[in-house]
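As structure tokens, here come the structures.
Shared chain: chain A. Partners: chain B in the first complex, chain C in the second.
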Partner chain A sequence: MLDYAWIIAFIPAVSFVAILLLGRKFPRHGSEIGIAAVGASFVLACVAVVQWINRVENATGASAFKALGKGFVAKAGEHEAVVKPVVHSVTWWQSGGLKFGAGTQIDGLAVVLLFVVTLVSLLVHVYSTAYMHGDRRYTYFYAALSLFTASMLLLVIADNTLQLLVGWELVGLCSFMLIGHWWEEGANSNAALKAFFTTRTGDVGLMIGVIVTFFAAGQTFNIVSINEAALAGKGGHALWLGGAVCLLVGIIGKSGQFPLHTWLPDAMAGPTPVSALIHAATMVVAGVYLGARVYGVFWQGFSIDAGGVNAMALIGGVTIIIGALLAFVQDDIKKVLAYSTISQLGYMVMGLGVGAWTAAVFHLFTHAFFKALLFLGAGSISHSGSHHSFDMKRDMGGLRKYMPITFTTFMIGSAALAGLPPFAGFFSKDEIIATAGHFGYDAFLYIGLAGAFLTAAYMTRAIYYTFFGEFRGHGQPHESPPAITGPLVVLAAFSVFAGWLNATVVHVEKFQQWFEPRFAFPTQVIHPSFRFGEGAIAVIVALAGVGVAYAYYWRGVGHGVTERNPLARLGYRFLLNKYYLDDLYERVIVAGIKGPIARAAYWTNQNLIDAVINGVGKGTRAVGQFTYDVIDQRVVDGAVNGIAEASGETGGLLRYMQSGRVQWYAAILFFAVAVLSLALIVFS
Partner chain B sequence: MQINQFLILSAFLFCTGIYGVLARRNGVLVLMSVELMLNAVNINLVAFAAFNHSVSGQVFALFVITIAAAEVGVGLAIVLLIYRNLRSPDLDHVDQLKG
Partner chain C sequence: MNWFDSGWGLTMAVFLPGVGMLAVLAAPKADETLQKAIALVTTLATFGVTIALAATFNYDKKGLQLGTDKAWIDVINSRYHIGLDGISLPLLLLSAFITVLCVIYSWDHFPEPHNPKAFLALILLLEIGMNGTFVAQDLILFFVFFEIVLLPMFFMIGVWGGPNREYASIKFFLFTLFGSALMLLSFLALYFIGPNTFDIPKLAALHGAGIVHSTQNLIFAGMFLGFAIKVPMFPFHTWLPDAHTEAPTVGSVLLAAILLKLGTYGFIRIALPILPEAARDWAPWIGLLAVIGIIYGALGCLAQRDMKRLIAFSSVAHMGFVMLGIATLTTFGINAAIFGMVAHGLITGMLFFVAGSVQERFETRQLDRLGGLLTQAPKLGWILGFCAMASLGLPGLAGFWGEFPAILSAYNPASGIAGSEFVVFRTYMVIAAVGTVLAAGYLLWMLQRVAFGTVKPEWEHVHIHDVHVPEWIAWTPMLLLIVALGVYPNIIFRVTDGTVTRLFGG
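On to the complex of A and B.
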């Protein structure tokens, strides 16, 4: 399967076409095609994961049992064995000696993403059969989901940055299509447009970054070559710094990092399964994936091993805090989760920035499960509990009695998100924080801890509003059907157990051993061993967050502080207006472009460009007239008419041959015989 | 005896036959003209056979006579059908082959 990984991406692509063309004729309107296709992809992805693990185990000579229970130091020797990624490439097109390939590069990172994407996509497909039941564009929805899955897998298996860019844009398109799924409401289509344009802003950086790395690595798009060239420092440090900054802009756009994060909360206008799949588990982590993919570029460009502060870690750190703070002032449960996603993506980007590659990818892995779980849980609440509303304050409350499965799984997801042991988020988040401390990024250690405190607090707030107190909505809430609770339970299981794949506290480091690259990868990456002191601090900080929120919401300690204290009120308003970033973008930047700049552009357009264009137009017209009169009418038409007339006259002559009179045919026959006899006599 | 005399007679008969096939309108007369042409061929065959002291030409002539008899049977049946369909044996009316 490692050699034929393209099949995994190809199956959903086929399913997309099949659903689009035939979906409506099927008894379940195409959803069965989508589920079957993604299910097949999931099985193949699992095969790929197992094969990759075997490949690593065989290369390092350590069986799964031997490695268990050994410490990090004991395994140091094994890490020297090089496991190259499985790369296959075909020439897609060629231009002036430059070959543009399409291919697959399967290594640990790719198989992790293959597994996550296909699993979450499969669960979302199943979930949507109930959630989207009776939707007016049900078939179309499944077609778009299939296309998204195919595009995301194409991005994941890409062996060159160009193919990655293609997948990147395709998932952006699918995101646009699915956010605007209910486009009849203006707000939804505006949100779709905002998401598309904001990420496109970042994509400009990505494209420049791809071009820069293309030339910096000696005219190749190949990811392995780029990483090798970057780590060797080919062409000078400044070049790689430029490339890394441009790529970082792409990450900022796609992964909702400050200051381009504003599209992600608005993207919640889409159906909830879409939010879970695209805006929590897969598409938004494409940026993090890119960072992990061409890590050599960032390592070299930002001199990550030097410690201190760099742009990547800074962006991630800022995003953690601003995302988490904004989650406190949201009434919409999906927006709480959206800001939480922004904040967690901040952890991943910060993790990459401080050299915690494995921890960042591990956090990507665990976050996909618990954040998808939380989103699907929110969807379950709106589907069966609150009459399609997401407003926690008006339509929810007290739901733990009515929706036991949703409540339990949501609690597990929240605990994982808040980083409470033994749930998944604890291990991955703690490793990012610990690595920040070990690499000399002390500031980011504290930012990470502060983020953990805020995360625990805002999730406690959301749980309070949703599940506790009295039910404030109308109607009779009830538990969701099995198609909805089933995926919740599966994801809850992963949220509990996925973290143990790399539980440094008990020296289990399978994730790192199996999935960290050993080839074209910075060798200085370190993996700090677990320290009980740090782990305890992280847990205490998280518990403190829960405690403070509990005191505020349940016990009413400090209620009304925003009314009494002007400073607190100011902060609250500041948060409520989302740091005025949207105002900055819409009123200042967009209005600026629309206003004077647009007018200046219009003037230039009318008076300068149009003059040129009109001149060219007139010239073209004159040439066209000449061509019409002389060449077209006389030469071409003359030739055509002449041929037609000649054919007509020949036909007129031949008409007499076909009189239908038998004797005339006989006469022709005899004449021909006579001529042939004559020929026989003359020539023999 | 010279062979030319037979050949001239045969050619005369053949030309008469051609004329009859092309110029006559009545289907029956056309058939008779065809018979004339076949007999012209017979004369040629027998003449050459005698001239070359071989019987094979005469055997061919016998075959031709047999086939001519069959052909007249079929031909007369066709003419009869034409007459029934068109109420006339006139071959100028038989122009359904016109494309």
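On to the complex of A and C.
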């Protein structure tokens, strides 16, 4: 499968076309095509994962079979072996005599993403059969899901940055289509447009970054070549710094990093399964994936091994905090989760920035499960508990009694997100924080811990409003059907166990051993061993977050602080207005360009540039008139000149032509040309 | 097929439409079906000939093929020299292809004052000019074809156009004629100052030898004006929005898809190879106007309330990318430019088709009055969405391959460009990349206003027909081609690269 990975992406692409053309004729309106296709892709992705692990184990001297039998114990000396990615490519286009390929590069990172994408996509497909049941564009919805899956997989398997960019834009298109799924309402289509524009703004950076790295690596888009050239510092450090900054801008746009994160909460206007798949588990991590993919560029450009501060770590760190803070003032449960996603993506970007490659990718892996779980849980609540509302304060409360499965799985997801052991998030988040400390990024260690505190607290708040207290909605809440709870249970299982793949606390480092690149990858990357002291602090901080939130919401400690304290009130208002970033973007920048700037440009066009043209025209006509009246009529007294006629008596000329003789003009002209040219060829 | 390869095939591709035109004119006035059938058969046959040419074409051979070089006007040593290479072939195919679809679309879409006979005859005449321009290898022959195009388009706009048609058609005619006059002057200067020949390959092989550098720059200026007005480049673009707004749908499609390419083709075929030194002096300025066009065209789009006028302005922006590619004087840039020409032809052509169909159904193009097209005519709405996405340069569709490599080429322009510090062109690169965001802006806002939302009250009880059969027949090939070129761009790059590398590499 490693050699034929394109099939994994190709199946959903075929499914997209099939659903689009034939979906309506199927008994389940096309959903069965989508599920079958993604199911097949998932199976093949699993095969790819196993084959890749085999490849690594073989190269490092242990067969996978033995490894599975022996259990999870890493051996010394395994890291020296070189395991090259499996690369295949065919000519895609050429220019200037150079040929550029499209192809697949399958390595540990790729198979992890293949697994995550196909699994979450499959679960979302199943989930949607119930959640989207009876939707006015059900078939279309499944077609878009298939297209998304295909595009995301295309991005994941790309062996070159250009193909990655293609997949990147295509998933953006799918995101646009699905956020605006209910486009009748202006708010939804506005959110879709905003998402597209914002990510497209970041794409300017991506595009230029791809170009810079293309030239820096000696006119190639090939990812391995770019990483090698970057790590060798080919062409000088400054070049790679430029490339890294540009690519970082792309990451900021796609992965919801400050200051381009504002589209992601709005994107919640889309159907909830879409939020889970695209805006939590897969598409938004494309930026992180890019960072991990061309890590050599960032490593070189930002001198990551130098410690201290760099742009990537800083953006990630700031995003952790600003995202987490905003999660506190949301009433909409999906928005809480959206800001949480922003914050968690911040962890991943910061992780890459501080040299914690494996931890960042590991966090991507675990986050996909528990965040998809939380979103699908929120969807389950709105589907069966709160009458299609996502307002925690108005329509939820006390749901734990009515929706036991949703409640339990949501609690598991929240614990994983909050970083409580033994759930998945604990391991991945803790490793990012630990590596930050070990690489000399002390400031980011504290940011990471602060983020952990906030995360635990805002999730506790959300759980309080949703599941505890009295039910505030109307109607009779009940548990969701199996098509919804099934995926929740599967994801909950992953949220519990996925973290143990790299539980450094018990010296299990399988994730690192199997999936960390051993080729065209910075050799200085280190993996700090687990220290109980640090781990304990992280847990205590998270528990403190839970405790504080518990005290505030359950016990009412500190209530009314915003009324009493002007500073707290100010902060609260600042958060409610989302740091006024939306106002800046929408009211100042976008409205400015759309309004006064565009109008001024058009005014210039009509009143300045065109005035020159019209002036020349009128002037010529006046001269012509003068020539005709004074010189021609009085002096020459001859026949009317054809050009003067054309410029002076247009109307008459046109009426003349309209009267049906136009064909004669055409005919005569043609004749003149045709006869002349043919005659000259034939007779000369 | 020896006769076919030795110039007759190519001659047929140019003059077959003329035969059809005569037949249409000879057909009885009342028998409209016959006229349409003749036009369709002729354009199909012409397209068939171009396909046969493409099949005969040797893609690995350098230089011109399938052409002929016969005496024509001996007095001035102007010859009937035609031929195909990797640069002309895609454009010739595009021209023949689009013309067929325009005839099909016209089938029951003849605008007032109807008169299909004259309309079809003009389309066929136009095709002679377009096809001829792309295969001519003699400057005078090129000029003749280049000018033939003016006339039918002038009548199409002036007779079948919208309310302001007279102004628009005259403006179009005089503006481009003005450019052509200067261009002709340059051709003559080349002849008299240079080696007394109008033969394009010969002139190109000389690289302007024997002409003083400053004179070269002047000659280039004349050509520049002629071609830049046709493209149109900022600030010579103002005829375009008017012409497009007033032109009938098919006129707009042909104008956008083919006529604009005559200008950019002129740069690639004539101005750059014949006067390479002057081109290097001019390149930074052409690049500057190109990127101004990208931003300015986009801003113009954002200010529009008329759907068709918006699409017209978008051409200014898109042709800016093409011209940026050309201005870099690199193989990357020029390959991208040719790709961009074909892609823009297909995509903007489609957008004009859709705009025409929307106007026909709602009898307005005012964006404020439209809305909810997806509800009333979902297929038409999705096609509009598809075209908008293609037009904003979404990868996977054709538009991307014109834009991205052009932006890429600006990072590393050809050596020897005046003031060749990379700073200038790299600044252009960033501006052009920002232009892609604005493109997303105006296209998606248009899509949102036309297709999303709910149906406006005034149309609630009006039956809006979804896509008609002639529309399907005309559009499907274009839509498929937009996808095919987007997925596998080497369809075009494979054809152009050899010739471009030969002419502009190193």
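Everything below uses one rule, namely that the second predicted complex is superposed on the first by the 583 of 684 C-alpha atoms of A that agree within 3 Å, B and C clash if a C-alpha of one lies under 4 Å from a C-alpha of the other, contacts with A are read in each partner's own complex, and residues count from 1 in each chain.
Operating definition for what follows: a residue touches a chain if its C-beta (ideal position, glycine included) is under 8 Å from a C-beta of that chain, and two chains touch if they have at least 3 such contacts.
If you're wondering where the values come from, they're calculated on a predicted model, not measured in any experiment.
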{"item": "Chain B versus chain C as contact partner of A:Ile609, first or second or both or neither", "value": "second"}
{"item": "Chain B versus chain C as contact partner of A:Lys84, first or second or both or neither", "value": "neither"}
{"item": "Greater residue coverage of chain A in the superposed arrangement, chain B or chain C", "value": "C"}
{"item": "Chain B versus chain C as contact partner of A:His387, first or second or both or neither", "value": "neither"}
{"item": "Intersection of the chain A residues that touch chain B with those that touch chain C", "value": "658, 660, 662-663, 665-667, 670"}
{"item": "Parts of chain A lying in touch with chain B, wherever the complex brings them together", "value": "658-663, 665-667, 670"}
{"item": "Of all residues in chain B, those that touch chain A in their complex", "value": "18, 21-22, 30, 91-92, 94-99"}
{"item": "For the chain A and chain C complex, residues of the former touching the latter", "value": "91-97, 162, 165-166, 168-170, 173, 180, 183-184, 186, 189-190, 193, 196-197, 200-201, 203-204, 207-208, 211-212, 214-215, 590, 593-594, 597-599, 601-602, 605, 609-610, 613, 617, 646-647, 650-651, 654, 657-658, 660, 662-663, 665-667, 669-670, 673-674, 677-678, 680-681, 684"}
{"item": "Of all residues in chain C, those that touch chain A in their complex", "value": "11, 15, 18, 21-22, 25, 68, 70-74, 80, 113, 115, 117-118, 121-122, 125, 128, 144, 148, 151-152, 155, 158-159, 166, 169-171, 173-175, 235, 238-239, 296, 299-304, 330-332, 335-336, 372, 374-375, 389, 394-396, 400-401, 404-405, 407-408, 411-412, 429-430, 433-434, 436-438, 440-441, 444-445, 448, 451-454, 488-490, 493-494, 497, 500-501, 505"}
